[in-house]
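In what comes next, chain A is part of two complexes: it sits with chain B in the first one and with chain C in the second one.
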Partner chain A sequence: MTLDPLILVAAGVCLLAGVGLYGLLASRNLIKIIVAMQILTKAAVLALVAAGAASGKINLSQSLAITVIVVDTVVAAVGLALGVQVRKRFGSLDAANLASLRR
Partner chain B sequence: MVPALILLTILFPWAGALLVSITGDNHPRLQHFTAVFFSAVSGVFAVILLLNTLPVWEGIVPAWVATDPYFSIPLGGAFGNVSFMADGLGVYLAAIATVIGSLAILFSVDYMRGEKQLGRYYAYILFFIGAMAGLVLTANMLFLFFFWEITALCSYVLISFNNDDPKAVAGGIKALIITQFGGIGLLLGALLAYTVLGTYEIGVFIEKAPLAIPAFGLSIAAFGFLVAAAAKSAQFPFQTWLPDAMEAPTPVSALIHAATMVNAGVYLLARFYPAFEGVPGWKEAVIAVGVITALLAAFMALVATDLKRVLAYSTVSQLGYMVYGIGVGGIFSSQVHLLSHSVFKALLFLGAGAVIHSVATRDMRAMGGLGKKMPFTRIAFIVGALALAGIPFLNGFWSKEMILESGLVDGPRIAYYLMLFGAGLTAIYTFRMVAMVFFGKPRSELHAHDAGLAMKIALGLLALGACTTWLFTGRFGTLLAGTLPLHSIHYLGVKELAAELFTAKATYLALGVVALGLLLGWQRERLTQLTSLLRIPAGWARDSFGFEWINRGISAAVRRSADGLSYTQSGQLNWNIAGILLGLLILLILTVLGS
Partner chain C sequence: MLFGLVIAGIILCAVLSITANRLLSSAIWLAGVSALSAILFYMLGAREVAVIELSIGAGLVTVLFVFAISIAGDEAMNAKPLVPRILGVGLVLCLVILLGWMVVPGLVTSDPTTELSSTDILWDVRGMDLIVQVSLIFAGVLSVLGLLSDKILPARAAEKGGRS
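Then we have the complex of A and B:
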């Protein structure tokens, strides 16, 4: 029995997205949140490449994937810089400390 | 010619608003001048537009007149075209807004002298005038809604003009919330029309709606518009915002809360009457709203002690007459009453403004005997009051009789008698108001002086208007009948009207009721037994018949539920992400189900 490579890729996308979403939901450490976001975007890049391969529009999918990678890098850089500032101000990386809407 | 005039009428005041705010509050003289100049010029444009429209519709077209009063600017996309229509309803209301607007601004030169922040004051009045002209001239329902909301916002800002005063701020917010609520009805009707007809054009809607839109949808639109009109024109059950709006400077009350913006609801009902006339229960609902409002507000005017609140209740009551007039199919008579009312109520408000400016209180119990110190104001005010009471040969007499006559011919008999009773109440509270302010012995030591020159000019012109506007009834009729073929307008010239009114028994009945009202107002001190009998209902009227209680209940309920909902806003990052994911999931499911 041969596996369609697309199904393998789809499973990979689901796995990556699941890990990323779980990380976003469950972790309170800012660094871990940024890492989870990176994993989530990698799932999106993989999905784009696979979609390009499936539909034949490889050029379009690759250029979109590259755009996502570039944007993602910027997001990571800004996020990490914010993390440094948060650590300086609050003394910890716990996202729960950032909630100013307290009752 | 017509497109240019329409655009100038709307954009000229807006340009003035911009200039006044640029001028800055360090140059008050320049600000006064700019405001008066720009409003007066836009008034001239609107009057030219009116005179220009008249011959077109009478079939005599001079060479210099553009024959097509409709024009549109293509905008593309979802909003449709920005289209304007210079027909009878529109041009005369635009003329009222700009002419009375310029008189109110002229009055402000004296009234607001020495005030700080004149820029804000004049800018919003001018912005309002332009928006009001746009509201009545546009032929696109979505833009009608936009202009509608601009006028509501200007009204809010101007009510809260004295923003150090918590009462003024509360009054402004109340007016804003209630009129916004009505705006939803208007938007709902407009969107519904768009989904069925594919256009926002009012003309298309009026022509095709009764046949093209299914009955259920049409009645939603009809009652949505009725809610919008009731909220804007302070009709039952939304009447409570207008008395609280009296915290505004008095020229603003005269312009926005008596002569123009509150008429927008009546305009809306009149404009869309042919489309909704066949909706079952709609006309009855309009009649009921008008009658209930007219009577409730008249009772409240009878017991109020604040001069401006008496006038506000009276405005609500007279608007009830106009709404009733539309409900019984008398579009023409209700529009004539709208014209009369704008003139005499602006006069009354400005007269009250002159008094308040001079004695620095609004409490009528502290006034009395002011007539000797302010003879000019007294004469002008009495002219307005007689017109309000419906005394012959002033404009209020003609229009009120016309409304009562349409009610007698086409409406339910019980509504007619109730409105007749309302006319008597009007006479009583008018007499009481004039007597308490200008006659009798002074009840407290008040330093009073007569109105300044700018005030006198404004008052004099409006008093002249209150004596003469009825002479134009015939021309006004041709204008409306020519432009609104679907409204089935029956109009009469002044002579026929006079002949008809003075031969009808109903007129003498109404006059008798008015005279009885005046007599009761005159002898009210001696009728202590009667007044003590009426003490309990008078208490209800002072408590605004429980409507304030309902308002407070609603606002408390909203506050409580908002308090409860605020627990969902924890500010925790993980919960927010969970919310985003949930939203995404719902969208995904909807997309899958949709396809």
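Then we have the complex of A and C:
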């Protein structure tokens, strides 16, 4: 029995989104959080392309995926710059240290 | 078979990227996820996205990560997560089951219909989105420049001078 490749891709999308969400929940390092966000976005792009391949509208899904990749890169760049500034100001990349109101 | 291998590679790289202790190895495994995703996009017929993913996802984003890590330092952090581990795993399992329930039945293959080329869709149908994207890139570059600059604003400098 051979599995339909698109079903395999769908299962991969679900697992990849799970890994990304776990990283987002479990990490305290700001740069690690951005890595987890990147993995989540990869799952979304993969789902878009798989949906396009399934429905026969691959070109439309490609144009949408390009938009997602561009926005994702901008988000990563701004997030990393914020992380660098947090490191300079607080001396640590730990997200828990950012709750300065608790002190 | 090949699909399964590539997808397994993507998941493995993603897991290693999340569990890696050092930030630099985390960034390199993320580049592996991007490169393998590009192969998968090519296999699914999305050639333009494959090229863009390979150049931006595996190239530019990795360079950005290495740059940020070289400034911020590659400190290993073994602190306990803020969310309890059991709750985290439970939430993730719920997400995977829900996503599987929603995504898998939706991927019913239909006959390919005639559609515009991706260039026509990007430039003609989605022209407005493209303008928004260009302005977003511009705003992103400006904000990164503003965040990375070390200059102290005149008002902040005066405040510091007054304190000391």
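Here is the rule we go by: the second predicted complex is superposed on the first by the 100 of 103 C-alpha atoms of A that agree within 3 Å, B and C clash if a C-alpha of one lies under 4 Å from a C-alpha of the other, contacts with A are read in each partner's own complex, and residues count from 1 in each chain.
What we mean here is this: a residue touches a chain if its C-beta (ideal position, glycine included) is under 8 Å from a C-beta of that chain, and two chains touch if they have at least 3 such contacts.
Note that the coordinates shown come from a computational prediction; the quantities given were computed from them, not determined experimentally.
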Chain A residues touched by each partner, larger count belonging to chain B or chain C: C
Query: Does the superposition put A:Lys42 against chain B (first), chain C (second), both, or neither?
result: second
Message: Is A:Ala96 touching anything from chain B or chain C once the two structures are fitted on A? First, second, both or neither.
response: both
Message: Quick check for you: in the superposed arrangement, does A:Ala54 touch first (chain B), second (chain C), both or neither?
response: second
- prompt: Between chain B (first) and chain C (second), which, if any, makes contact with A:Leu25: first, second, both or neither?
  reply: both
- prompt: Both chain B and chain C touch chain A; at which residues?
  reply: 21, 25-28, 95-96
Field: Residues of chain A touching chain C in the complex
entry: 3-23, 25-29, 31-32, 34-36, 38-39, 42, 45-47, 49-63, 65-67, 69-71, 73-78, 80-85, 87, 92-96
- line: So, in the complex, the side of chain A touching chain B is made of residues 21, 24-28, 33, 95-96, 98-103
Message: Per the contact definition, I'd like the list of chain C residues that touch chain A in the complex.
response: 3-4, 7, 10-11, 14-15, 17-18, 23, 26-27, 30, 33-34, 37, 40-41, 43-46, 48-49, 52-53, 56-57, 60-61, 64-65, 67-69, 71-73, 75, 77, 79, 81-83, 85, 88-89, 91-93, 95-96, 99-100, 103-104, 106-113, 115-118, 121-122, 125-126, 129, 133, 136-137, 139-141, 143-144, 147-148
Message: Applying the document's contact rule, which stretches of chain B touch chain A when the two form their complex?
response: 566-567, 569-574, 577-578, 581
